[in-house]
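Below are two complexes that have chain A in common, paired first with chain B and then with chain C.
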Partner chain A sequence: MEYRLDRNVHSLLDPRTKLLLLLTSSIFVVGNAGEKQMYVFYWILVFLPVVLLFAEKEWKAGLIAIVIYIGSYYAQMALQHDLTAVESALALMLYIITKILPTVILARYIVKTTKVSEFLTAMNRLRFSDKFTIPISVIFRFFPTVVEESRAINDAMRMRGIEMGAKKASEAVEYRMIPLIASCSIIGEELSAAAMTRGLDVGKNRSCIWIIKFRIPDYLVITLCFACFVWWIIGRFFV
Partner chain B sequence: MEKNNRLNAKDLINVGIYTAICAVLCTAVAMTGVIPIMMVLLVVFVPIINGIPYMMFLTKVKKFGMITIMNVLLGAFMWLTGMSYYALVVGTITGLVAEFIYRSGDYKSKKLGIITYAVSGIYLWANYFGIFFNADAYFATRQNFGQDYIDSVTKLLPMWMCPVLLVVDIVCCIIGGWIGAKALKKHFEKAGIA
Partner chain C sequence: MICFDNVSFKYSKEQECLKNINLTVNDGDVILVCGPSGCGKSTLVRCVNGLIPHFYQGELTGKVTVNGTDISQTTLRKISRHVGTVFQNPRSQFFNVDTTSELAFGCENFGLSPDDIEQRINKTVNRHDLESLMGRSIFKLSGGEKQKIACASIAVEPVDVIILDEPSANLDYKGICELQKMLKAWIEERKTILIAEHRISYLLPFITGSVLMNSGEIVKEYSAEEFRSLSEEELHNLGLRAEMVQDPAEINDCTGEDSDKKDKLILTDMKYSYQKEPPVFDIPKMEIPEGEIVGIVGANGAGKSTFLRCLCGMERKCKADPKVKYESWNNKARRRKIYMVMQDVNHQLFTDSVLEEVMISQESENKEEALKILESLDLKEFAGKHPLALSGGQKQRVAVASAIASGRDIILFDEPTSGLDYYHMNQVADILKELKQMGKTVIIVTHDVELIKNACTYIIRFDEYSRS
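Up next is the complex of A and B:
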């Protein structure tokens, strides 16, 4: 049987575009640069991750995100008047959620849809050194692992009656940190072995089986990002 | 055997892993920064909590460049998560300095390890630069936190707190490093991981 590899099965955007989008989003949505003047771009950047989720057929996550957006929007509307202490704490929580959520969705989208080899190749084309791209790709792979491990360890410790906020806080921290680091360091050994079999150490240029190039969606998103920056600079220095 | 001084994949993966652990812990602690007093105390808690993974990381460091890369990545992480880029600039410089300090002990000395941690941890202090030197711009992005929050943070952080925070940062790093070294000795050296 003939085996045909579809070299275009990866996601809509090029890894480089995704990173540019993440940078833009973290400056203009989380960092809130430009404020009022960036209003239109702000909302585009907020909803673009959801569109991307739909484009990857992640219907459930996208719908949840939209529901949260709408809910928090109306809640913020309702909390416009003079606030009591509890209400202002609530508003603060909402604010943080609406600020960070789009970028979190975007980051999750990037991690889910980018293969490590794709990422490494794309970064290599941008002339980034391996010394930075390998740790970065490991970090991306590792975030979920660390959270997962710590959750499991937390459960195990609770079962033994070692709780946060117990009498011995230092013990509670120690009994969580040490297993976490131990298991992470073992996972690290395995990763290194895996990397060796993939020939990361050979020192020659690596080839990549995926075709990595900019396509029409990439150009659209890149134009959007540059438009954001240009519009921001115009507002900042020329008006 | 000839000692190979080029960083290989294994070293870089170690850098990645420990950066990830430090970043996750840092984020977990920094979430409490919405309470004004915690905002200031971050400089106490983060170094202490991060001490153990950092000291563990140092046991893996045998070549030049690893500490610097880690600091650059942590600084970039701070920048991406909405702190200012000061952490990246300061982190890069202190990372280099820390690298030289640790190298002078031939990548073995525990005491120098603690000092290394203290020096490289200065990037945490750099996160506060925004509040000290550029307060208006800093709080402009945080208007919705409420005026109460802004007032209490500014009240807690007058200008003279800037050097104080540096000292606190370094001291806490030393404490954290010491705790880390102790934990390493207690748990990992016996198990043969470190």
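Up next is the complex of A and C:
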């Protein structure tokens, strides 16, 4: 069988839609803008990231997210009156989880499903300067690197008997950061050198093999995001 | 054509890394730039791909031209249309996360049309049989597979000069064979190729000439015939690795003389698998003699490194209780009794001085003892230095010093000599022998045939336990 490149490989949403959704989610879920008035939109925005995970066939991660969310939501509801200091600290923590978890899941989804080249092209179409987008695009590459490096370092620490609850527990965090920063900065430098020998530069036209366009799910999500903003503005200024 | 006209270079303040280099490489030549570590061969090739002076700053005099263009007077982007580079470390040369995008990356940057890029990718993938590697995350690839993608992404680009900077450093036998195939294809396409390397045997059939460097200078230029006729001893004297490309599975046993009488570490029913896949390896019974330098050899992807991780108790899922002198060790016990020197030693150095690094491994801190250990490894003068400021070989010795300080009797090494030249490989072999003298059991996973011949006193073939 001869290999043929399929240029139409894409995730459910376009990178531009993903960023718009992230912005909307930050304002209305984390920021809680509009409060009661945004009730319906709020809940849609809370559960949409899980739908996206399911669309990527990440069943397990999606279910875990739902359980954590519902668990902390009800626990936090139960802890409302006559709290001790410890209980109120716990309630606050749970409240923060319910506020940021959906957006964190969304951000993770974006990092995992967006190709660097897709992102650069989509941002370019929005007229963002590549002085700004190239450094940001490195994030997609760097998240998995940091995870991989910290795993290796963690192993080394455990083998040398430096772990939580064992000797030198107080230094354990510092000891983890030093090699992590050192190896990430080495990788970062080598990475920039390699990218530059392959012609990456600012202010130049670059092409993209992936077909980037808005599809039906994009129109649905974009409509949702605009509806959020319109509904919020109406509620704030006209009612 | 690549032309060096009286080129000298130094990184800021340091001594000169290149001195008066004069060299001409004609179109279609395949030139090997060799020499011991630190001889300046990597610096020399960086002058051709433009990283010097455009990325690594320093003092450059003289002139380097590629096809008549003065490298220092143009931009990296323009150079990159003619010169492609494969780097040593496959971990850090990819800008993309998925392999397909990585293949397209260079051409996208040049602004070639998507249809054109698509055709180039199809051609490269079919020619080099890469279909199974397409559309995958680079974080899920083995070292050999990554290097194959790195070569392929240069093959997609319309470049006519290809630079390889120690491309075999992290490759095993099978990976090197793949690299040879790639070189053959490039030679058929009449590319000009410049390779900086100290493992040379796998390149001998391809080269049209060779340049030997030492402390920043070109010591001698060889024709291909002259270079191929150098004996093993002559190569070693030049600091080069002479090992033939050889399947480690074909190495003859070198069992220690009286290993039968020694106590043995007995592993029974040890296996490991990723999630629901069939086991990577399955060991009904393996006996490892104590007090020997044991080399574990086997094909690429046989699970040798995973085996080491299981052996020192790092894989929670691996439930084996090896018996040592009738005493059974679970994962946690093994983490206390076995020490592993990792392939990337940067991961295991984390204090702010060499001395502290050693003392932290001791059961109870003892400065005199620690200094004694440092002295035995020629590290005493570095006691106050930051471990991350040392050279690669010194870092590795610090890791060994910590292993000794931990007082553990079994020390594992994962590929201790990858990327080392002949001198440094010997140094590692000497350290291994010293550990044996101290009565330690040393277990090494390696594809370095010269190291096995030089140091190992017992060989275990891993293939029979492996799935593949």
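Heads up, the rule we're going with is that the second predicted complex is superposed on the first by the 190 of 239 C-alpha atoms of A that agree within 3 Å, B and C clash if a C-alpha of one lies under 4 Å from a C-alpha of the other, contacts with A are read in each partner's own complex, and residues count from 1 in each chain.
Going forward, contacts are C-beta pairs under 8 Å (C-beta built on N, C-alpha and C of every residue); 3 or more make two chains touch, one makes a residue touch a chain.
These figures come from a predicted structure and were not determined experimentally.
By the document's definition of touching, of the two partners only chain B reaches A:I136; chain C does not. In the overlay built on the shared chain, the residue A:R206 is in contact with chain C alone; chain B does not reach it.
In the superposition on chain A, contact of A:C184 is made with chain B only, not with chain C. Contacts of A:M196 after superposition on the shared chain: both chain B and chain C are touched.
Of the two partner chains, chain B is the only one that A:L92 touches; chain C does not reach it.
In the overlay built on the shared chain, the residue A:S26 is in contact with chain B alone; chain C does not reach it. By the touch criterion stated above, A:I153 is placed in contact with chain C alone, chain B being left untouched.
Of the two partner chains placed around the shared chain by superposition, neither chain B nor chain C is touched by A:R236.
In the superposed pair of complexes, A:V173 makes contact with chain B only, with no contact to chain C.
Counting contacts by the rule stated earlier, residues 138, 141, 178, 182, 186-187, 191-192, 195-196, 200-201 of chain A appear in both its interface with chain B and its interface with chain C. Note for the complex: chain C touches chain A at residues 49-51, 54-56, 75-77, 79-81, 83-85, 87, 89, 91-98, 100-101, 104-114, 117-118, 121-122, 125-126, 130-131, 134-135, 137, 139, 153, 157, 309, 312-314, 335-336, 339-340, 342, 344, 346-352, 360-361, 388, 402, 406.
Partner chain B is touched in their complex by these residues of chain A: 22-23, 26, 30-33, 35, 83, 88, 91-92, 95-96, 130-132, 134-139, 141-143, 145-147, 150, 173-174, 177-178, 180-182, 184-188, 191-192, 195-196, 200-201.
Against chain C, the residues of chain A that register as touching in their complex are 1-5, 7, 9, 115-118, 138, 140-141, 144, 148-149, 152-153, 155-162, 168, 175-176, 178-179, 182-183, 186-187, 190-201, 204-210. On chain B, the positions that touch chain A within their shared complex are 7-10, 12-17, 19-21, 23-24, 34, 49, 52-53, 56, 65, 69-70, 72-73, 80-82, 140-141, 144-146, 148-149, 183, 187-188, 191, 193.
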